[in-house]
Amino acid sequence: MSRLYRMPSLGSDMEAGTLIEWVRQPGDRLAKGDVIAVIETQKGAIEVEVFHDAVMGRPLIQVGDKVPVGSPMAELEDASAAPALRPATGIPATHAPEPGPAVAEAGTRTSERIADQAGHRIGHRAGTGTAAQRRRASPAARRLADARGIALDAIEGSGPRGAVVLADVHAATGTTPTTEAASPPRGHLDLAAMRQAIAAAMSRSKREIPHYYLSHDIDLTAATDWLTARNAQLPPDQRLLLGALLIKAVALSLDKFPELNGFDRDGHFEPAQGVHIGCATAIRGGGLVAPALHDADQLQLPTLMTRLRDLVGRVRSGGLRASELSDPTITVSSLGERGVDRLYGIIYPPQVAIVGFGTPALRPWVQDGQVVPRNIVTATLSADHRHSDGHRGALFLARVGQRLQEPDTL
Amino acid sequence: MSAQMIEISYREAVREAIREALNRDPRVFLMGEDVGRYGGCYAVSKGLYDEFGPERIRDAPLSEAGFTGAGIGAALGGLRPIVEVMTVNFSLLALDQIVNNAATLRHMSGGQFSVPLVIRMACGAGKQLAAQHSHSLEGWYAHVPGIKVLAPATLEDARGMLWSALEDPDPVVIFEHVMLYNRSGQLAADAGAVPIEGAAVRREGGDVTLITYGGSLFKTLEAADTLAADGIAAEVIDLRCLRPLDDATLMASVARTHRAVIIDEGWRSGSLAAEISARLMEQAFWELDAPVGRVCSAEVPIPYPKHLEDAAVPQTDDIVAAARAVLNR
Amino acid sequence: MSIRETDGDHSHLGDKLHLDRAHALHLLREMLRIRQFEERCAELYTEEKIRGFLHLYTGEEAIAVGVMQGLTGSDAVVATYREHGHAIARGLPMTRLMAEMYGKREGVSRGRGGSMHVFDADSRFYGGNAIVGGGLPLAVGLALADRLLGRAQVTACFFGEGAAAEGAFHESLNLAALWQLPVLFVCENNLYAMGTALERSESETAIARKAESYRIPAAAVDGMDVIAIEAAARRALAEIRAGGGPRFLECRTYRFRAHSMFDAQLYRDKAEVEAWKQKGPLLRFRQWLQEAGMLSAAEVEHLEAEVAEEVAAAVAFAEAGQWEPVEDLARDVYTEQPA
């Protein structure tokens, strides 16, 4: 019995993905969670995993192919039924009549390279089953064409040896190259494409989701005092940041408010199975992602802090897992030390709520009839009015505030 | 508010830098072959012997390993020596001391000893000095962790890098290209120390990034002029410091221009240009709109006859052609 | 200028060296410390506690111990890759030295150097140089700094006779003599440059004569006789301190063990090694002290037990030491400067 491995959706704004590597080969046994392929998306290259034990079967697309979400990528054989087709050494079994496309592709590139060095252009090797020669295009042009959704084959190349270069892609799309200083490159994260993705998701959100907004000032003095005392005993790399407390407080408060933790599915609410907080993280140079901190309500603070550091680190180094981009059930966005009082978030579909925290600051506060300086943060909630209302939202925000008065219970 | 400018040669700028260092810090002394009575092989130290005497302008016998090692020892002992190795070819006789001692002592001693030593040497082709006196081995030195490697090309850097190098607690090797010594220009009369890290954008442009250093800088700037006449705006980056390399400046430029040509008088194989090209692949691959180009020396010992020497090392026309090639124009 | 030969007879030393019992016992103890430390190192090497190259000084202890007696705390020492003896005689703590042998963070060089690269700023111990002849130019430079800064200090530079074939040896002797620098060159002539016998590598086998050709006063000394070495070193150091420029000591000695741990010793006879062992510095000096009535067998036993305890403590210290975290790999390549 075989199933199909399909192009996974890694976010509501992802429409298609480009296969850049088969990590596993036909015949390989895959355990649940194993990475099977690497997919290029607007947010960079992401490793995608299988969710059941299986044996990799026939690939249905090739490296370089861009296919829509949901398209079959490969066959998966039942793990219990199928014998391993390929020995673990990676040497193709003799009874496999065709080389896999990935192998053919690699061979083709090598021969092309050797031919290039000798000053020749060669056609594609016959019999490998791949249709056409790989189009010569610069990395920058390839990236732009991908972002604009244009096939390279349709573009006339004017670069060295007929390669498609940036200017050709601009000409083909009727755009002009930007002259402003580009940001320094980081990995292969494409900031322009990311900006487009954010634009699409946020436009959809504002177009489709009836937001309501609530704001609540929370006294953080107890929390920050507790944090200071605790951190004093810890080496710098183990210290907790306020952000971890805020995330934990939100995560714990959701237990009584399931209508804020889940997804809109064509107008119907689907509660989430766990609390996976999307942590909005700015990327240096611009752009933003909110990968999931899984089961944040279940994590002890030190573990939560470690996972958060790891997540932020991988946002910057470009090593996010697919599940981290697709799993968040609610988003938390914190302005940290940016010095702004409050933020009103836009919901990241298909989620139904986003919690925002401004910059904590000493403010006058009335306590027991006296005006006293206290460390205050303004928390906000933007929520989907189709699935919750202001009364429930207000109770939720108040609960977050109460939670933060008892930091040792977090 | 412009400072008073003076006309000065590169040679004089280096000499002024040495003179200033000798005046500022009694621990500084210059040591090398014929730096004293003779006045320096390239006349850099001319006059300093009379001014500072034989103890501080110290003529050394022809023993590169000996006096370079003595410079290292003197630095360990609390002085701030400037060792002049006449030309880079002779530095090969001192390579053991530089690579096995200067570069390693801090690490081997677990951080107990630093070697605040400056080694200056002339390098490069162009004066028909043939195969044993025309090397560009900066890339070799830049390969070695534990030393810093500088290539001042401008008058400001010739004047200003030495003092910063002397203030640095670690060994610094300074390469002075022989074709630069006679270059003259305007320099602020009060010009002083400049940082010894970071590359400099010597000319801005959006079409192609030309990356170079030392003796090739002015050829590259000339090439940029030629390209400009044809409507090609080349950005020229002077590396200045060959170790550590300033990746950020290079990547930022290539992110704007999407094309790069590296001009390096070293031989192509295993060159500094190769290293920079690799870094562009690692860090700016997705920005590239054309293969990285290189203009390096031909893989021959530098020949004596003028026309062959010219053909062996990067020239302005080669740079223009390489830039056009990556632009396909 | 001449090459003085000494014959190992100490009876005439009275006026030159005040050899009281306490000093004699100190010399014996120092040599014993080196011997026992290194014997333990050899054992630890076979147990894979110490790795890399391990070059033992066994048989040559009298030289380091004898020369160090004439140095003050502000003098400098430059040694070779066979430098454990020099480090111990110079006063480096055996605990941190053993930790260095292990490569532990508590080692004198933070574990980064190992057996061949022992350094210590406090005692001006400049290594630990594993390039034959590589330390001589450093010694010249250290002495040059002392001279130019007006410091009345001497740099003692140890090297083997193999270094005499290197250009750096000749360049350094020339520079030191030319500039009249306060360097004491100490050649430890153990007759073999690794496995190459002296007569197979040098046209002139009297190394001291090479120094003489650079107009450096030189003496050839019995390298197995700690008293003779101390006397010769004190004399040379006094002349250097008086402004006489460099001096050169050739100490004729023999290494009892292989060049390094991995050496089948195909290049010399067992009988030759045995014959030299009978002239060993510890054996001879102990016998001499006992015959002179300065030392009893019980005292020897007690001394050996004390040193054994020190070595055991050093091993325990090294065992308890920490490995430097890998995150610190890149430290000490350049000097960390305040941002």
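Letters A, B and C mark the chains as written, and numbering starts fresh at 1 in each.
Throughout what follows, a contact is a pair of C-beta atoms (placed from the backbone, for glycine too) under 8 Å apart; a residue touches a chain by one contact, two chains touch by 3 or more.
Here is each chain with its UniProt name: B = 2-oxoisovalerate dehydrogenase subunit beta; C = Pyruvate dehydrogenase E1 component subunit alpha.
This is a predicted model, so every value here is computed, not measured.
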Where centres are the averaged C-alpha coordinates, which chain has the largest centre distance to chain B? A
Would you mind checking which chain's mean C-alpha position lies nearest the centre of all protein C-alpha atoms? B
Could you grab the centroid distance between chain A and chain B? Build each centroid from C-alpha atoms only and quote it in angstrom. 45
Quick one: chain B and chain C, Cα centre-to-centre, how many Å? 41
Roughly how many whole angstrom separate the Cα centroids of chain A and chain C? 63
Contacts with two or more other chains occur in chain A at residues none
Would you tell me which residues of chain C are touching chain B in their complex? 76, 107-113, 117, 119-121, 126-129, 131, 134, 136-146, 148-149, 155, 167-168, 170-172, 174-175, 178, 331-335, 337
Which positions of chain B touch chain C when the two form their complex? 27, 29, 55, 60-61, 63, 65-79, 81, 93, 96-97, 100-101, 105-114, 145-146, 148, 169-170
Any idea which chain B residues touch chain A in the complex? 206, 248, 251-252, 255-256, 258, 283-291, 325-326, 328
Would you tell me which residues of chain A are touching chain B in their complex? 138-141, 143, 158-160, 163, 165-167, 179, 181-185, 188, 190
